[in-house]
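Okay, so chain A shows up in both of these, paired with chain B first and chain C after.
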Partner chain A sequence: MDPLTGTLSAIVGATHVIARPSELIVYENDGLPGYHKLPRLFVAPGNREEAIAVVRALAASNAPFVARGAGTGLSAGSLADGIVMVGMQRMRRIIELDPVARFATVEPGVVNANLTKAAAPHGLHYAPDPSSQTACTIGGNVAENAGGPHCLKYGVTMNHILAATVVLPDGEVVRLEAPRDDEIGIDLLGAFVGSEGCFGIAVDVTVKLTPNPARICTMLADFMTVDGAAEAVSAIIAAGIVPAALELIDAGTIAAVEASIYAAGYPTDAAAALIVEVDGPIAGLDEDVAAVGRICRAAGARTVRSATDAAERARLWQGRKKAFGAMGRMSPNLVVQDAVVPRTKLAPVLRAIAEISARYRVTVCNVFHAGDGNLHPNIPYNASDPDEAARVHEACDEIMALCIAEGGTITGEHGVGLDKLPYMDALFTPDSLDAMCRLRSAFDPARRANPGKVVPIHRCKEWLAAPGVEA
Partner chain B sequence: MTARPASTDELATLVRDAHARGAALRFEGSGRWSDGRSPATRISPNAKRVSLAALSGVVSYVPNDFTLTVRAGTTLAELDAITAPNNQWCPLLSWGDDHGTVGATFATATAGPCSEALGRPRDIALGLEFVDGTGTVIRAGGHVVKNVAGFDLTRLMVGSFGSLGAITEVSVRLRARPTADVTWSVTADGPNAREQLSRIRRGTITPLACDVLSDEVARELGVPALSALVRFGGNAALIAAARAEVSTIGTIHVLDASVWTRYRSLDPHPRRLDARPLDGAVAGRIKERFDPAGIMNPGVFGERA
Partner chain C sequence: MTAAPRTLPGADLCVHCGFCLQACPTYLTLDDENDSPRGRIVLMKGLAAGTLSATDDAVGNHLDQCLGCRACETACPSGVPYGQLLEQTRAETATARPIGFLSRVVLATFAHPPLMAIAMAGARLLRALRITRLLARVPGRLGNLMATLEATRRGAAASYPPAPVTRARVAVLQGCVMEGLLAPVNRATERTLARNGYALCSAEGQQCCGALHAHAGDRETARALARANIAAFEQSGAAFVAVNSAGCGSAMKEYGHLLAGDAAWHDRAAAFGAQVRDVSELLAEAGPVPARGAAIKVAVDHPCHLMHGQRLSDPPARVLAAIGGIAATELPDAAQCCGSAGLYSLAQPALSQRILAPKLNGIGASGATIVATGNPGCMMHISAGLIRAGSDARALHPVELLDAAYATDHQADHQGGSR
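== the complex of A and B ==
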């Protein structure tokens, strides 16, 4: 038997340690299809003390580990290749919710949407809203610096985290706090958010709560050309309107959604549709709604529908939020992509993606956070057909190269994990990648937290110099 | 004598040389923030002065992307002049005067009266270029508004006060200037006046800024005692509603927006700035890895130079 099984069982109880491969199989992948790695062991601490004791026990036996929230990640970031997986989902207590000071302190396993539910009676919510919000955890959101449709106006996870208690991989417990305006210091919290489980495990997180807007209006504008929709996106932002959300869905996505149980009534003959949501105080909102309508029509929108009642708004959103699921039903496999380009490059990049998809004979369905230029060109396919799988792979490589060439980046919210590792060399200089490694090794000098992810090991001078490391 | 490198490469050569000799460097932007209370006064007096003021100007600006990359020595006044013709701004509006440089503003993470509403330097920086303590040029982040590729060296550098590297270039997020942008002093009376005025911050319409002034600051700015300095931005209907709401709290006097420039640069400054000591193993290990010879603004965090 694995010697760690006994040690860890003594901390969390035998029922919360899984050692049998047939049971570990549940944890061999995350939300991204195509990657499978079996952990050595799975251990689930039930509270802060247990989590700290687990990390210390792992440190004592020099065992590498990976934290896991809900496993909805889309970069294969929480996969544990023959190493220990520390599951945080049992830690789902809301420790404190202060509606007056507008913050909450939660355990990392709290599900994103449950926090908003708990804040709702006070007229508050937790603003970052990944489309996976009914499943993903705050710990996973912090690790990925998760975004969501409403991050256009309200900011991404980083902008909403006030503090975190972190167990470093060596077992030391540190408190990281957002810098105050009257104090200077190194922003360790800012560095920790988005560190993809490589800097230690967060055992509690303090987040900002945001007041609910007095009024919300959701609009759906459909266009006969993708260019028209992309043009409207730029024009809305340029007019000084900051919509709460500004999402683009193309014809491929509309077809997938409308053929699924999530049908939202999107026009199936349109080339693209925009979901534009404006929110805020009642005063001044009608003016913004009218302006958005005018701008969309000027950019060639055929119709602009708007909804202010909750049921109709939910219907307009449902298709967008469940789009990945609807695509997943179209074929056995789905590549979920994530990249960012400057907003003014949206139209040419979408045209180039269409050209790439035609050349490789693959179907690309675009559904994305257009206001941020954050693309999700997704490709449904059949992985058991090796020829198709190879074409999909090559098309993805070209799309990533295109986004980099246009001044963008290879991930806007899903993280690098394992999946985007091959593109890091094209995006950053060797010196910049080495600097990232230096930052990582300041948190984890023994390189035991989520090894092999985010930064290619061949770029880490300090690690390569360490005894026993091969490039 | 102060060194004035004219390019990132020149700066990198200078730092590489200092690193090899273990010679301390003290970086400055406009060099104006040298009063007795600045943490910069703690930097070892023997350190060689290096001004980054010559590294200035726009690197790239596509107005419709709402992003801008400038060199570190660009002043806040220049930043404003660059973006104004497109009706945009980089709403740093940081404490201090407009001759301060972009590089120093991000290195010191200096916020301002509008930061709560419009973002702090850590929220506004999209990416940056810096020269670390070994003279290596490093690019952090990118130029787009959303980016999670790799570990966040941008957040690491913002606020590190030149102790890990000298910032040479910064990419920032811009916003459209509000259609209507109004500045008021709001005056209340009675024993709870200050508390009443601070409620403006939590009204149905969130102000861009709302600072309740001390008597001394009010006098200095020439506004009545028991006043708040308030700013709202948005469309005309929103401003009209804000006016109606705020007038139930106090008496409104319309002021020129230039009062913010005076307020931000008051001397002595109403806000103190303290350094959090470089405590903890992680911060210490970061310092070792980015500035192994301990030559970058040594002593700024109160550590032994």
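== the complex of A and C ==
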């Protein structure tokens, strides 16, 4: 038996340690299909003290580990290849919710949407709303600096984290807080948010709660060309309007969603549709709604309609947010991509992606945060057909190269994890990668937290020079 | 050790997005993905592919711990037919991992009407002698069983005349537990349908629906029962089969799938399935005729096989909305299983109680005296929990509430009262 099993069982109880391979396989992958790595052990601490004791026990036996929230990540970032997986799902207590000072302190396993549900009676919500918000956890959101449709106006996870208590990989517990305006120094919390599990494990997180807007108007505009929809996106922002969300869904995505239980009434004969949401104080909102309508029609929209009640608004959003899951019905396998391009380049980039997909004979379904230029080209395919699988991967590489060449980047919100590792070299200089390695070493000198992810170590001089590190 | 690879149609639809996790009562109770829908799909795929062994107890336990509530299906954007995957897996691993003794006894009883009659008569005797009440709060399984029987106690119901026939001919599924222990619910079903203009006819030779057998992996018995029911209801000449048990209705609507491989029966089974209606669907279709009734505070819970299996939540709400006196609110976890789940409360008593606990808390916090839920298992399990917790609240079927309201109105209108 693995010697760690007994040690960890003594901390969290035997039922929360999994060592049998037949029970470990459910933890082989996260939300990104296609990657499978069997963990050495799975351990789920139930509270802060157990979490700290687990990390200390792992440090004492020099065991590398990966923390995992709900396993909804889309970059294979929480895979544990023969190492210990620390599952945070049991730590789902809301420790404090202060509706007056508008913050909440939560355990890392609290599900994003459950936090908003708890804040709702106070007219508040937690603003970052990844599409997986009904499943994903705050801890995972912090690790990935998660985005979401409403981050266009409200900012990403980083803009909503006030503090975190972190157990560093060596077992030391530190308190990281957002720097105040008059402080000079390193923003350690800023470094921690988005560190993809490489800097330690948060045992509690303090987040901002945002007042619900006085009024929300959700519009659906459909276009007979993708170009028209993409041009409308740029034009809306250029007109000085900051929508709460501005999402584009293309025909392939619409077909998948409309075939699902989350059918939202998107027009299935359109080439693309935009979901545009404007919110805020009642004054001035009607003018914004009218302007969005005018701009969309000028860009070629066939129809522009507004949700008439909360139920219709919820339906429009549910369709969008469940779109990735809905694509499961198209093929047994799915590539979920995440890249960013300058907003003004959306139309040409989407044209080029269409050209790439035609050339490699693959289906690309676009559903993305258009206002941020954050693309999600998804490719349903059948992995058991080696020829098709090869074409899909070549098309992916070409799409990534295209986005970089257009001045974009390789991930908007899903993180680098394992999936984007090969593209890091194309985006960053060796000096930049080296700086990342050094920052990582400051938090985790022994390099036991989520090894093998994010920074391609074969490009990192310092990493290779460190003693006793497995590649 | 492992068997030859089998196909598991529909399993490939799962893209592992995890949107099912928070819908799953056992995941929320046990905090392990092995006890979640997407985790169990991985296990079922492993069993089908032959990379996992059906004799692996750890794997078997995780599948046994599944309620089969199908809440994951209502959450799944990809349309994974989870309930079908589970039934197929249980059927195909039944040799390597036999159904438990207690469950086998119950299933055999349900499949044989004379045995069922004896069992039900015995249970009614215990209830009539008030032994069930006496022992309802004894700790352990005996007390639980007694509380579950005590939960079926009903007072005398008043009658009222039917409306003239304006609607279709309907035959009511009598069911096993319903007719055996909750016959007043069947009578209320018949009276409320007649009050709403339906013509009632009987279907001689009808049997247990076979849902429990299919869920447990005994598909052959389930198919035999399905054939008997199809024949019985066909000869009744009814346009619709009215079902007041959500679990039975869900299974009967899916007879086409159950008998998909049976060339002689498949078309008849599919046609039959299309005639099956939950009683609330028929009542909602007719309005239903409004009633004043007494003023009561009702907490609404959704039976899984109505909400997730049949995707129905509006018709029962319309039945309750037809009763003027009722103030109805949904329980906060109304869409989540109560832990009854067919034989589950027998096979997994401890886990079943853990799953029930938050629902009982919600009922207490709601201040309601009545929980409305349209399935015998849920009514009995929830009421038993309430009895054992010392609460006066009880779970009743929505048609019982409508029936009582019609009776109250009739009495008030025909006694020369203030109205």
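In this text, the second predicted complex is superposed on the first by the 466 of 471 C-alpha atoms of A that agree within 3 Å, B and C clash if a C-alpha of one lies under 4 Å from a C-alpha of the other, contacts with A are read in each partner's own complex, and residues count from 1 in each chain.
In this section, contacts are C-beta pairs under 8 Å (C-beta built on N, C-alpha and C of every residue); 3 or more make two chains touch, one makes a residue touch a chain.
Here the structure is a predicted model, which is why all the values come from computation and not from measurement.
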Between chain B and chain C, the one with more contact residues on chain A is chain B
| request: State whether A:99 touches chain B only (first), chain C only (second), both chains, or neither. | output: neither
So, does A:70 touch the first partner chain B, the second partner chain C, both, or neither? second
Just chain B (first), just chain C (second), both, or neither: which does A:443 touch? first
First, second, both or neither for A:267, with chain B first and chain C second: neither
Considering only touches as defined above, state whether A:132 meets chain B (first), chain C (second), both or neither. second
Report for A:452: first if it touches chain B alone, second if chain C alone, otherwise both or neither. neither
Going by the contact rule set out at the top, does A:293 touch chain B (first), chain C (second), both, or neither? neither
Inquiry  = Applying the document's definition of touch, where does A:188 land relative to chain B and chain C: first, second, both, or neither?
reply    = first
So the chain A residues that chain B and chain C both touch are none
Residue positions on chain B within touch of chain A in the complex are 39, 62-67, 87, 108-109, 111, 115, 119-120, 122-123, 132, 136-140, 142-153, 155-156, 158-161, 163-164, 175-179, 204-205, 234-242, 271-278, 280-283, 285-286, 288-290, 301
Within the complex, chain C is touched by chain A residues 16, 18, 20, 22-23, 25-33, 44, 70-72, 89-90, 111, 113-114, 132, 134-136, 257, 259-262, 322-329, 332, 334
Given the complex, residues on chain C that touch chain A span 12-19, 21-22, 31-34, 36, 38-39, 42-43, 46, 52-53, 56, 58-59, 62, 74-80, 311
Residue positions on chain A within touch of chain B in the complex are 144-145, 147, 151, 155-156, 158-159, 168, 172, 174, 179, 181-188, 190-191, 193-195, 198, 214, 234, 237-242, 280-284, 286-288, 340-344, 369, 372-374, 407-416, 420, 424, 427-429, 431-436, 438-443, 445, 454-455, 462
